[in-house]
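Let me begin by handing over the structure; questions about it come next.
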Amino acid sequence: MDNFDSYALFLLVVIPMAGAVVVMLIPGALKQQIRWVSSAFALSALLVSFYVFWAYDHEAGGFQFQRTWDWLAMPGTGPLSDKAITLALGIDGIAAPMILLTGIVMFTGVLISWKIADRNKEFFVLYQLLLSGVFGVFVSLDLFFFFFFYELAVLPMYLLIGVWGSSSEFPTFSRAKEYGAMKLMIFLVAGSVLIWIAIMAIFVESGIGSFNLLELQNVTFSDNFQRVFFPFLMVGFGVLAGLWPFHTWSPDGHVAAPTAVSMVHAGVLMKLGAFGIIRVGILLMPEGAQDWMPVLIGLGTVNVLYGAWSALGQTDLKYVIGYSSVSHMGYVLMGIATLNSLGVTGAVLQMLSHGLMTALFFAVVGVVYDKTHTRDINVLEGLSKRMGFTAVLFAIAGFASLGLPGLSGFVAELLVFLGLFQTYPILGVLGIIGAAITAVYILRLMAKVFFGPLGERWQDETDASGLERFSTLILAGFILLVGLFPFPFIRVINTGVLEILQKFPEAG
Amino acid sequence: MMVEPSLVLFYLASAITLGGALGVVMTRNIVYASFALLAAMMGVAGVFLLVFAEFLALVQILIYGGAVVIVLLFALMLTRLEDFQNLTDHRQWPIAAVISIGLFALLVTAIVTTSVRTTEPQSIDFETLGETLFTQWAIPFEVASLVLLVALIGSIVLVRTDGDRD
Amino acid sequence: MNNNFLLLMPEFLVTGLAFLVLTADFFLRGDRKNFLPYLAVLGLIGALTFTLIDQWDRVDHLYEGLILIDGYALFFKAFFLVLGVIVVLSSVEYVKRNLDNPGEYYGILIFTIVGMMLMAASGELLTAYISLELLSFGLYVLVSFDRYGAKSNEAGTKYILLGAFSSALMLYGISQVYGLLGTTRFDGIAEALSATPDISPGVLVGLVLIIAGLGFKVASVPFHMWAPDAYEGAPIPVTAYLAVGSKAAAFALVLRFFVEALMPAVGDWQMIIVIMAALTMTVGNLVALAQSNLKRLLAYSSIGHVGYLLMGVAALAAVGDDGRVQLQLSHLASNGLMLHLVAYGVTNMAVFLGIAVVYNATGKDDIANLAGLSRRAPFLSAVMAVSFFSLAGLPIFAGFVSKFYLFNAVALQGLLWLAGLAIFTSLISLYYYLNVVRQIYIEDAPDPTPISMPKLTVGVMGVLFLAIIFLGVYPVPLMEAIQHASDALMSSESPIGLSQGLR
Amino acid sequence: MIELAHLQILSAGLFAIGTYGVLARRSAVLILMSIELMLNAVNINLVGYAAFVDFDEATRSFGQVLVIFVITIAAAELALAIAIILRLYRNRSTVNVDEIDLMKW
């Protein structure tokens, strides 16, 4: 299998892309075939991602599955300029669980999108292109391709939301899906403007003529440089991670998006932001990171509290989930900002956990919306009587979200809090207050929408279809798995985290 | 100190040139403008003569006097002349004036501050001129003939009438 | 003086082709005139093949550097010939439907290609100027070719007036260079410039005027006013040609002129170009936001792209702390510039071809006319969306790689802020491109009848589509060709070479 | 005694006047005439340099060669421009460039 190993990561990027090409070649009228082909590609990507996660050797640590293909030379820029831009792939303990997450969400997303009938060919082409970009970011060890895939993951969003999304009507105002799509695109690309500038600055400053992260991490950038350019990365990636005050695209975008896209976007794409901060920001500019961490941790705290507080006031199911994502990403940012092993490991585990949980949330809300054609909390009442399965699944996601022991959220948040108490105990308290608010809105929501008396209008609703049950069960299963057996995951994540933290002699 | 006759003639030619030029950009009547242009061109030809560029003076008179101005007048005759009797300028002409005065000042400054090694004015005989044109500069010459050809074809295509559609 | 005129064979061939097309027009009647474009295409492909075989790796010159034969010229000649083929093919349908006199149309088009080829090869200002005029004259005619369309005439009038004005500026500059440096050959200028520690005000004024004249030709702010009008009024294939061909040719000339003639005076012009580039990309992209006509939108967007290209010119050299000109990274800037030219060219051709199809079907070219296009013509819509994304600089398309490379080259020369501004303005451009994509994909079509496309158009679009993606995913072969061209431009073995004593 | 500076300043003046005409006039034909003035300024400049500067024979005659080219191209440009303007006049009955306003930004 040596041979396969060296291609595994490449396959992860290529499978969805090939899926997009194959679907593109199928005539648009063969809707059923398109679905089957897409799910076949998604399943194979899932299998490969399983394999990669399983075969990652946490004892050896470091970057594994490495493979490098030469791409473009930029002669004259430095000693390594013959291989300035290479397609260098490799994963460490942080990327491995993210790949697993992506595989799962991608596959379940395809199943959830089975019902899409209008132009489903274009949908699956764009969807798979998006996922190809996501995989690409997690496996790239070259800044050019990192950025390439990062942009690729943003590119299809506009059409995915604009064409297949839904507009929201509120009593006082309405949010067209085009608005959500445009806002999301502009915010995310504005973020990548900062990233791009930082990447160029890194390349110029390093003077080695290479975009390869493994080469660049041996370069020591001056303190001043790090201080100036770390915020570019922090804010640039932070936009995608939902960093307050740049988060406003997130609820609007997620609400407007079709179910599967919300799942991928909240579940995986937002993680790219946090992943980028670790992979590029902390790896290359540790001093800058240290200088700016108080700011990041402060903003992360605001994220947690503000997101939870906003979620409290929402009447639209998807907006609740959208703001809860903002709140939960706050834990990730806080965890990263602790810069200690517990906190960062917790943050990465929270990325995994929140990815699964939000995907499940959006999938379930999608089911509810499909049946009832509304997402208004004031109207939906007591659905568990008619949609028992859906209600249970929502409860699992909800409990994971408020950190019930035995589910993934608990372990992750616990680690983050432990990390926080080592560094900023007060903020740890604030984080726990955030978790308490989360409990309030999640429980209130469940009580009202699912477990209250059954509303008149919903007498004739039916429960989720077989396909929906299957896909949501996969997600729920993993939430339980991570919650009950977190150690295999923590083990892998921890190896990656420790390596990065070696950059900080005094912390760690 | 004696004022040299050539210098007097030069001032005269310059006056005609600049006067004609001012006429072109000031007058409200397009026919007057054409004649002012003709005067300016003749003034330029005079300047050429004064610095021993006889051939160029000849070309100047033939092409501008004989061709350009005639073409302009013919073109005007093809239109209703009353459209061109009372021409007005852009309202932002003062800006244009400022720009061109600034340009003039800039050019004069550059002229004054740039030193050039000069000699007595010398003429160039026709033979050298022809030889240079047709040997060293043969390629631009041929390309120029293509340019003329394109202009010719273009003018014909554009002006030709198809009867029914005009 | 021993001149091998066979070196000009490619130009002779293309000129001959133009005459052939013009003559054939007399002998063909009615429908048979439809053969003309195919004759032109065959001829251009023949000339391309001949050029590649004949001038591969050949380094030579005519008349002591009036015309240079080197890898740089070859690269652009090949590019222009390929471009010519694409433009002719994109014109077929449009000309058949909308214009009279196909013979003159294609004939003049081919003459302009000769002009472009000579521009890339000239090593002297007069030759460059005359070649530029050959191109410009052809374009003046082509822009006004829609004789009965008032818009076309109007565009032609504005274009020729401003074109003539810019020629006058440039000629005044050339006269200054001639008078004060005593030569107009690029190597001679470089030598004269490096001979003195400071360039005289007279020469500086001359150079500024030449730059201004060239600025008009490439439609750089503040010399851009003609471009939107000319773009909107011209027949669509001509607009495409204007946007891609004339711009590429002008930059081919600009690049050679700056590298081979002006390099010693880099400290004197760099700031001018930097400011022009910054203004051009900002104004172009901001004004594009307000457009409702697609051709006008693309005009302003192409002004924005000129800003990026000018940035490449500005980054050709850096002045070190010791006041010496540093050239180690020059080839990166010229590589980036050429790469972006090609990527931009391919992409823009696809866009304009799409607009031509829509125009042929609906008779309009407003952005709103694209509403619901994705249901009327899925393939066309996909190609157009891909092109807009490529113009905005998103992966996996050509525009991403070229922008990344070019902006990086600029950053490497110490102009990080300029590269940052460029990235920011391309964010702005994303907004208006997305608005077009929105019309295509999200809005509903008022008239949902499918648009049928001739097979030829589908084929050309397909090729452009694949090219956009191929260049975005694997630009390595093109980059090698470009590197070759850059080396020819910068190497000391080139016919005139980079002048030795840089101060 | 005529000096180079005389011709240069005459040329600069003519060039500036021509520029003014291009920027200030509204009639296309008058703009065209102003451009001719500018080109003549170029020619005076060239002739001046060719006559006065301490050049060798070939460079000297090159100056005049340049003038011939300028005159040739200028004449062709004028003819073509007149053709286009006449076309416009037939379709729109105006030659004022700011009345030509089918297109605005």
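Note that the chains take the letters A, B, C and D in the order they are written out, and that residue 1 is the start of every chain.
Just so it is clear, contacts are C-beta pairs under 8 Å (C-beta built on N, C-alpha and C of every residue); 3 or more make two chains touch, one makes a residue touch a chain.
Since we're looking at a predicted model, the values are computed, not measured.
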| task | Ignoring chain A, split the rest of the assembly into groups that are still joined by touch. | result | one piece
| Most central chain by CA mean? | C
| Centre distance in Å when chain A and chain C are each reduced to the mean of their C-alpha atoms | 42
| message | Suppose each chain is reduced to the average of its Cα coordinates; what separation in Å results between chain C and chain D? | response | 26
| message | Suppose each chain is reduced to the average of its Cα coordinates; what separation in Å results between chain B and chain D? | response | 6
| query | CA centre of chain A versus CA centre of chain B: separation in Å? | reply | 70
| request: Identify all positions of chain A at which a residue touches two or more other chains, and write them in rising order. | output: none
| Among the residues of chain D, which are close enough to touch at least two other chains? | 15, 18, 32, 48, 53, 62, 69, 73, 76-77, 80, 84-85, 87, 95
| remark: Multi-chain contacts in chain C, i.e. residues touching at least two other chains, fall at 126, 130, 133, 137, 140-141, 144, 147-148, 179-180
| field | Pairs of chains in contact (touch as defined earlier), listed by label | value | A-C, B-C, B-D, C-D
| query | Of all residues in chain B, which touch chain C in the complex? | reply | 106-107, 109-111, 113-116, 135-140, 143-144, 146-147, 149-151, 153-154, 157-158, 162, 165
| For chain B, which residues count as touching chain D in their complex? | 4, 6-7, 10, 14, 17-18, 21-22, 24-25, 30, 33-34, 37, 40-41, 44, 47-48, 50-53, 55-56, 59-60, 63-64, 67-68, 71-72, 75-76, 78-79, 83-84, 87-90, 92-93, 95-97, 99-101, 103-104, 107-108, 111-112, 116-119, 121-124, 128-129, 132-133, 136-137, 140-141, 144, 147-148, 151-152, 154-155, 158-159, 166
| query | What residues of chain A sit close enough to touch chain C in their complex? | reply | 28, 71-77, 119, 122, 133, 144, 147-149, 151-152, 154-155, 158-159, 162-163, 178, 182, 185-186, 189-190, 193, 196-197, 200-201, 203-204
| note | The answer for chain C against chain B in the complex is residues 1, 8, 15, 22, 62-63, 66-67, 100-101, 104, 107-108, 111-112, 114-115, 118, 126-127, 130-131, 133-134, 137-138, 140-141, 144-145, 147-148, 179-180, 200-205
| said: Going by the contact rule set out above, which residues of chain D touch chain C in the complex? | reply: 15, 18, 22, 28, 31-32, 35, 38-39, 41-42, 45-46, 48-49, 53, 55, 59, 62-63, 66, 69-70, 73, 76-77, 80-81, 84-85, 87-88, 91-92, 95, 97, 100, 102-103, 105
